[in-house]
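Okay, so chain A shows up in both of these, paired with chain B first and chain C after.
Let's turn to the complex of A and B:
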């Protein structure tokens, strides 16, 4: 198996991302939920195929990284390619306030209800 | 959620199709203090492990060619997930507390609701750095004492040793217990709620909103 993994040497990761510099990877938070917008097709890069299958259901960036066994930074580059091609959509966290800014009480109340129901 | 995936092994539990808002809470603390245990106790999924590449300068890689140099390093962290309702999913990250990982936290902390600092009362000094960093970052947090059966310290002693202000909740927990770990998260979110309500009531973004002794 030549599946990319965390023991990969840096050149392998470099190849995987085509050596391109980062475009819009800041658009992805660790918990941005990714959803596939098309079926994998023949000829696609194997990592793209795996992402499209994983993201048939909403899947966070960090989960994609864990399932592909790739570093988060590399996954963000792969995702920005797929996003640019319209093959995925991204549902960004709605709580993106800076650290000093607190989430609003409505959201926190929803979180409390959810936690108490666990 | 539907049967469309039955042709593949059920290796994971997917989110419902309406999930659209991911939230973050970080559990931070010294080596072996129970971070992974707490994440596992409350997570809907078996905790997953992943890693991030950092350059020595401390950013995530901006340029994949940086990976080729000798200046990058990888840091592993684990996480779990709790579906709160049809739209909202809470991700819990366990982050190593050692000073050399500060750059990982700075990235994890960005946009988090807040943090839980897990402490082992036998090794209180292990949590100093984490608390410093959170205060520096303005990330709200609570402190939870994981009971490893060490010598009993009163809450006041712990507060003093950690130089914690009275406004920061300090509670006892057992990370192995789901109910106890759930209680820790509820305490954190109630604290956040109180801070948020206070800052709304005072109208503007006053320093009291972050419950810190000093203004930025």
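Let's turn to the complex of A and C:
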């Protein structure tokens, strides 16, 4: 059940997204890291401003949602808008930290051995 | 002139005429020669009789006329008095009784407090009138109270439904479900606005009171969310003022009605633009549509509806409640609403929010300048790499995940002159709006053990962040992502 005063924000979620409930891209999941690419400009939606401020350092989508106190799906829509305008960039952490990106351990071992042999 | 009884007058006239005509007759008979005496006597007798009859008749007629004149004068006086009383009845008594009844007095007390007319018939008319008007008034008051009560309940229902929907929207992450919930949310918001309108018109208390000032952006979006065509509304607002909590609902509702009007009276594809502008007297909200230009008559009618006059229920047309609602709200909160032709080709509605309703937010802490030099300049993050694949192809493993760690290291160097840190329910420090993690005054939060923070703070934070991510994903297979091993990437530490 709802508690009185719980819903203490007059703007409804659909006004934030213009009625959309689905992000146009599927570039975002919960842990996608978002970095802002520009300073907030005047006249921007306040959520966009907050996202840009928040993402001056790479921040996960789920963290953005927690700070904005908005559902993740809504945040994804807001982020996809910003992404379409090139104001943020997004990347998936698995791709950067994943073992596939690092040189093969065997190779590294061989290099190490080679260095020691110098 | 002395009034004599007509009979005496008649007898007097008869006597006088008999004496005169009799003496005339005698004179004529004696004066006539012997041979004509018989005829003369007859003729003179007839003449005398005629004369007498004429005189008597005349006298009688005069008496009657005098009597009738007197009667007529009396009647005239009586009629004038009655006219005066009737006029007083119509001009003073009845309006007074009706006014008392409209103020809520019962029929009997209203009658007792008003001077009663002398005339019995008028008294009866007044009583019937008072009883009927009193019944009508109490019926109207009962109907208004019932409507206000029902509207209040509908408002409460709508409010709690909106709160429930907001809860559900936070709970269900499935996009289809969320879409349906948003749809319901919108419908409920419109129903709530209708209930608000009825409440305003019936004089009930306004539905919600916000406990805090509401910023202009939320006011505009709150108003926009309550109309069906909200997708066509474009907001242009750069003012950063807020509306006092007690008036925010009224302003939002009035603006919603103006927006609804603008959206309804413009082509279904045309946009409606809302501008907020700060002026010395307050804030002006302008709603401009590109629909029909209102005629002079319509403009005047609209101006009258939103003017400060008390609401006349008879002016409600049944289908168009919006402007009457705006008028009520304008009167209540001191808003000024006017209409003019719009430069966009349609009608422009202006709403002035007076300075008393405006509260300026406290100057928010500007984004800490210390954060600027720490801006991560991680090379691989460029504008064109928006998809996972591209990022994967180009990323030379900069371990973006440790960015928070790097900034955490920098944090103690940040100026510690910020206000004290707020702690949320979870015991974790709350981040303020517009502040980044880097700008967060870590040194303040960790004052009890400042020396240790630099030593194991990165590892600690790394572990926390990894745990956070795993918890969020709700699966244990993301272990390889734990960023702890990569804390020593040198490029992250260069400011």
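Assorted remarks:
Just so we're on the same page, the second predicted complex is superposed on the first by the 79 of 118 C-alpha atoms of A that agree within 3 Å, B and C clash if a C-alpha of one lies under 4 Å from a C-alpha of the other, contacts with A are read in each partner's own complex, and residues count from 1 in each chain.
We adopt the following convention: a contact is a pair of C-beta atoms (placed from the backbone, for glycine too) under 8 Å apart; a residue touches a chain by one contact, two chains touch by 3 or more.
In this text, all values refer to a predicted model and were calculated from it rather than measured experimentally.
By the touch criterion defined above, A:46 lies against chain C but remains apart from chain B after alignment on the C-alpha atoms of chain A. Of the two partner chains placed by the overlay, only chain B lies in contact with A:108; chain C stays clear of it.
Using the contact criterion defined above for the overlaid structures, shared-chain residue A:58 touches chain B and also reaches chain C.
Of the two partner chains, both chain B and chain C are touched by A:73. In the superposition on chain A, A:33 contacts both chain B and chain C. Judged by the touch definition given at the top, the superposed model places A:86 against chain C, while chain B stays out of reach.
Chain A residues 6, 10-11, 13-14, 19, 21-22, 30-31, 33, 53, 56-58, 60, 62-63, 67, 71-74, 91, 93-99, 101-102 lie at the interface with chain B in one structure and with chain C in the other. By the touch rule above, chain C contacts chain A in their complex via residues 159-164, 166-167, 169-170, 173, 175-176, 178-179, 182-183, 185-186, 189, 210-212, 214-215, 217-219, 221-222, 224-225, 230-231, 236-238, 248-249, 252, 367, 371, 374-376, 378, 380-383, 385-388, 391-392, 395-401, 403-404, 407, 431, 433-438, 468-469, 472-473, 480-481, 483, 486.
Across the interface of their complex, chain B is touched by residues 6, 10-11, 13-14, 17, 19-22, 29-33, 53, 56-60, 62-63, 65-67, 71-74, 77, 91, 93-105, 108-116, 118 of chain A. The part of chain B that touches chain A in the complex is made up of residues 1, 4-5, 8, 12, 14-17, 19-24, 42, 48-53, 60-65, 67-69, 72, 74, 79, 81-85, 88-91, 93, 107-113, 137-140, 178, 182, 185-186, 189-190, 192-193, 195-197, 199-200, 205, 209-210, 216.
By the touch criterion stated above, chain A contacts chain C in their complex at residues 1-16, 18-19, 21-22, 25, 27, 30-31, 33, 35, 37, 42-43, 45-46, 49-50, 53-54, 56-58, 60, 62-63, 67, 71-74, 83, 86, 89-99, 101-102.
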